[in-house]
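Right after this note come the structures.
The two complexes that follow have subunit A in common; it is paired with subunit B in the first and with subunit C in the second.
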Partner chain A sequence: MILSRREKFVCYAVTYLFALFLLAPIVWMLSTSFKGQLAIFQKPPSLFTEFTFQNYAAVLSDPQFLHAFWNSVLISSGTVVVSVALAVPAAYGLSHLTGGRRAGFLSWVLLVRAAPGMIYVLPYYLAYSQIGLIDTRIGLILINSVFTIPLAIWIVIPFFDAIPHEIEEAAIIDGATRFQTMTRIAIPLAAPGIASTAILIFIFAWNEFLFALTLTRFEARTAAVSILSYMAYEGTEWGKVAAAGALILLPVLCFSILIRKYLVQTTAGGVKG
Partner chain B sequence: MHSSRLRGYGLYILPTFLVLATITIVPLFVTFTVSLFLIDVTSGLPPVWQGFYNYVSLLSDSRFLNSLVVTAELIFIPVALQLLFGLALAICLRERLAGTRWMRILFLLPAVIPPAVSGLVWKLFVIPGAGGLAWLSGLLGIDLDIDLLSMPATALATVVVASTWVGTPFVALILLSGIETIGKDQYESATLDGATWWQTHRYISIPTLAPIIRTVVVFRILEALAIFPIIFVLTGGGPAGATEPVNFYAYVTGFDYLQIDYAASMIVLFFLAMMAFCSPFLVQIARSAEGGAR
Partner chain C sequence: MAEVSLADTRKVFGTHTVIPELSLSVPDGSFTVLVGPSGCGKSTLLRMIAGLETTSGGRIEIGGRDVTAVTPSQRGIAMVFQSYALYPHMSVRDNISFGLRLARRPAAEIDGKVRRAAEILQLEPYLDRKPAALSGGQRQRVAIGRAIVRDPGVFLFDEPLSNLDAALRGQMRIELLDLHRRLGSTMIYVTHDQVEAMTMADKIVVMNAGRIEQAGSPLDVFDRPQSPFVAGFIGSPRINFFKGGIAESRGGDMVAVRPEHLRIVETGGRWRGRIRLLEQLGTDTLVHVTLTDGDEIVIRAPRMGPELQDAQVAIDCDDRHFHVFCDGQRVD
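Up next, the complex of A and B:
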């Protein structure tokens, strides 16, 4: 459409003001992460007063933070493995169903994914206290799966749906079993979808906060929760908080750029045009 | 597909179905059962049956009633703002003006930032007198040295802004992908008929997007209901409960005050209210995902 100058001006004003609103807090966090403790509380503040790596050095040499970071890597990867292993066969099966049963199962899957995490925290806390899963990585992987299995099923189904059934029928006529048809034909064809789902699950588990806060203490504490240890009562070390925040953001940022094509459709979890 | 062939696929679905049912439905029953007993975790005494006593107490618990109001505020204000700004941004980004393409990638950022980090990003931004907000207002010549998080109204406003910040770009991108499926010729013929830019969007874009808008709103409301890390990091529910929604009150009751039975009753009510509101929409959304079924 051809826009008048006034309309163009409105478009630029709306988008650039919003981009400023979006970026300002993040830029401020990054600038804080390079400041010393004194510069952080300087009044009036300025964006770049000094440039030091001391916050990053302090965070990266903090064994507790490194332990938590490594926990996040293990827990997120574990959640990916468990969820993909369970969700892919189910999605494959569901994509071959039609009508009421498929819609019924999908609605239920969507409801589970939509429920607020708070609903699950309390019963899991009680159960884990009984069976010794409090403060374990396995425990977090399990409760993360409550959300990531439905998420994965929901995202992978359209990729299986998109495979023409003639291809699978031809394989069966050639003597392949149904399982072979899935592993040799359907899964390779849906591989890009499955891979981006895996990354999305990784991001979900990496970002998860409530479960990690309530179900871990030290051994299985994740990176997102470990920042809280810099926000103590005796005075928050904002430089370290900002540096840790930036470090936690980094892997998620890399992954999301990798799957940016799928990100909008998939995070919508069923929003269709 | 023949029913005999169909039956075989049950084997692929069943194990996942059983796992998922166990890890989701069983906990809900546990929560409900817990809410019916008096449980004192600190003394270790055996649970005592008390029926629906907790539910009756909730109705006269002013802190709970306040948290209901806060929940409503934290749902309707941010979701309305997200939709308003998201729509405006989608319409502007659709034009693909030079220098706006990069924003499509920038807009992915808030959707993937760990929510706890979003909370601390905003906490750093509003440090009284020394944060990014004070810096920005200083550029405009205003000396802003107040603690926004210390007063109920401004603390709530800060949470609303943070939650709008997280959700808007995502809403914009979804609406944008919807708008881009509308044919160019539709806009062109409307323009030829004398419609202004505003009118084309008012009478073409918005009505066409209506189903997407409805779905997006449902998901944003669900997201807003679950808001926790931002509040935990930013305000801790304070001051004086001004930013304490139901699920945060339930968390404090269960994990700080260790009144798990009382917390359980809140969670059960919260869950039932959520289900009553959302399940019709969710079932509809699931049905519309029939598309590829063979």
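Up next, the complex of A and C:
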């Protein structure tokens, strides 16, 4: 479709306005993170009146934030490991099912994912209280996985579906068991999709707030929740909130860039096509 | 090396019978070609021999051993797929050696077998490349190499050349025949291309709708087709069929004559018609004629000039070249 100059202008204008709408809070956060307390409340507000690392220094020397940040790393990584370990074989199995059974099972899987998180809070809180999983990293990993496994199954299945069945049959004739066919043929071929899924799971777990807020106190508190400690009764330390927010955003940014790299990888050459 | 025999083998998908009770014997060391139109069940039959499809009934023996319920890797077979089915993430060397590595064979044995296969198939310069960096012909050679290192009793080929261009297909046909002569293994080859079947086979099995229409040597099937289907399927251009008085006078309901056995004559002749089209093949000319009764026939004649287009001609053939059929069966 060829657009006139006027149409192009309108398209670009709408795109940039939308991008501004999305990015404005992030720009404000980054700007605030480099300001002193006085500059933050300066009127009229200005994006770059002062440039200081004092907020980052304060946050990075706060043992509570560092503990929470480390929790986030462990919980997010743990969620990735548990989810990928369970979702990939499940997706491989479902990819080999056909007809109504597959569609039915996938619908149930999606239902778990589509249910609002609040539904799970109370039963999990009560169950976790009974079995000692409140305020534990493993507790958060488990409940995060409840939500990420269905997501992972749905994302990974098309990557397995795309593997020509002759390749797996060739492996079976070569003497591979079904498990070896999965681990040595299908998983390496679906690796770009699995890697992307792992990154999405990490981002989901990293950003997860509801369960981290309701099922933890201090020991397993995550970075996203720990920001609340800078919003105290005595007043909000906006500089620290912004610096902590920027630090939390950093891994998400890095992983988002990585996803693009994995998704463009192909598995060309195995079959005629 | 091994003989393959199928006894009353059946395959049913749901309510659809793909192969109704079929028996076949593939001699040890032969190059047997299963040929037939798309959907006739030839690939399904090959996959049943490979163990990739279960049988709904009957018995499959390889080398005298009942393998009906045996896993593919334990049947002593190797299979080459139409789409190559190489492992894209592995090098040529790893593709060829995958089965041996799974079987935990000693490294020296693996290396020796890979080198031998690479030498036979002229793949030595490409051993460290990935399949994506190979041409179609090279990829198909890798697939054959993967089969060779298994030292199978039976090689199964599922339309292995149909993805190659015409020139490469001709070359690979010769290479496969050389390989058969060199290894002496039993080879079962599926194709829908009757030229491939005629040129490669020791034994042709013509299939139609899941049944064997005829099995025999290529020349036997060509010279003495047992049914109108076989007569029409084997031979290019297609055989000419005639019904009516000429068939009835020979005790059948249909006769067939190959295009090369028809000739244009100046006087007499059994049929008359108008030349509709001339196809120049260089050595011969295919003459398409519309007969006076409206039927279309093809004659393979010595070179004829374009000035004969639309000419009225008389056509004849020797009595010995008639194939007579009655109720779908050959009448001798």
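The rule is simple: the second predicted complex is superposed on the first by the 260 of 273 C-alpha atoms of A that agree within 3 Å, B and C clash if a C-alpha of one lies under 4 Å from a C-alpha of the other, contacts with A are read in each partner's own complex, and residues count from 1 in each chain.
By definition in this document, contacts are C-beta pairs under 8 Å (C-beta built on N, C-alpha and C of every residue); 3 or more make two chains touch, one makes a residue touch a chain.
Note that the structure is predicted; figures quoted are calculated from it, not measured.
Visitor: Scan A:189 for contacts with subunit B and subunit C and give back first, second, both or neither.
Guide: A:189: touches subunit C, not subunit B.
Visitor: Identify the partner contact of A:52: answer first if only subunit B is touched, second if only subunit C is, both if each is, neither if none is.
Guide: A:52: touches no partner chain.
Visitor: Just checking: does A:173 make contact with subunit B only, subunit C only, both, or neither of them? Give me first, second, both or neither.
Guide: Only subunit C is touched by A:173; subunit B is not.
Visitor: Kindly classify A:37 by the partners it touches after superposition: subunit B alone (first), subunit C alone (second), both, or neither?
Guide: After superposing on A, A:37 lies clear of both subunit B and subunit C.
Visitor: Using the touch definition from the top, say if A:241 reaches subunit B (first), subunit C (second), both or neither.
Guide: Touch status of A:241: first partner only.
Visitor: Identify which of subunit B and subunit C touches the larger number of residues of subunit A.
Guide: Of subunit B and subunit C, the partner in contact with more residues of subunit A is B.
Visitor: For A:64, decide between first (touching subunit B), second (touching subunit C), both and neither.
Guide: neither
Visitor: Would you please give the residues of subunit A that touch subunit B in one complex and also touch subunit C in the other complex?
Guide: Looking at subunit A, the two contact sets intersect at 267-273.
Visitor: Could you please specify the touching residues of subunit C with respect to subunit A in the complex?
Guide: Against subunit A, subunit C makes touches at 50-52, 71-73, 77-79, 81-89, 98-99, 102-103, 130-134, 136, 139, 143, 146, 150, 163.
Visitor: Which of the residues in subunit B end up touching subunit A in this complex?
Guide: 1, 6, 8-13, 15-17, 19-20, 23-24, 26-28, 30-31, 34, 85, 88-89, 92-93, 95, 97, 99-100, 103, 105-117, 120-122, 124-125, 127, 129-132, 134-136, 138, 143, 145, 165, 168-170, 173-174, 177-178, 181, 184, 187-188, 191, 197, 200, 212, 215-216, 219, 222, 225-226, 228-229, 232-233, 247, 250-251, 254-255, 260, 263-264, 267, 270-271, 274-275, 278-279, 282-283, 285-294
Visitor: What part of subunit A is in contact with subunit B in the complex they form?
Guide: Residues 1-4, 7-8, 10-12, 14-15, 18-19, 21-29, 32, 40-47, 86-87, 89-90, 92-99, 102-103, 105-107, 109-112, 114-127, 142-143, 145-146, 149-150, 153, 157-158, 161-162, 165, 178, 182, 203, 206-207, 209-210, 213-214, 224-225, 227-228, 231, 238, 241-242, 245, 248-249, 252-253, 255-257, 260, 263-265, 267-273 of subunit A touch subunit B in their complex.
Visitor: In the complex of these two chains, what residues of subunit A are touching subunit C?
Guide: 164, 166-167, 169-176, 180, 184-185, 188-189, 191, 267-273
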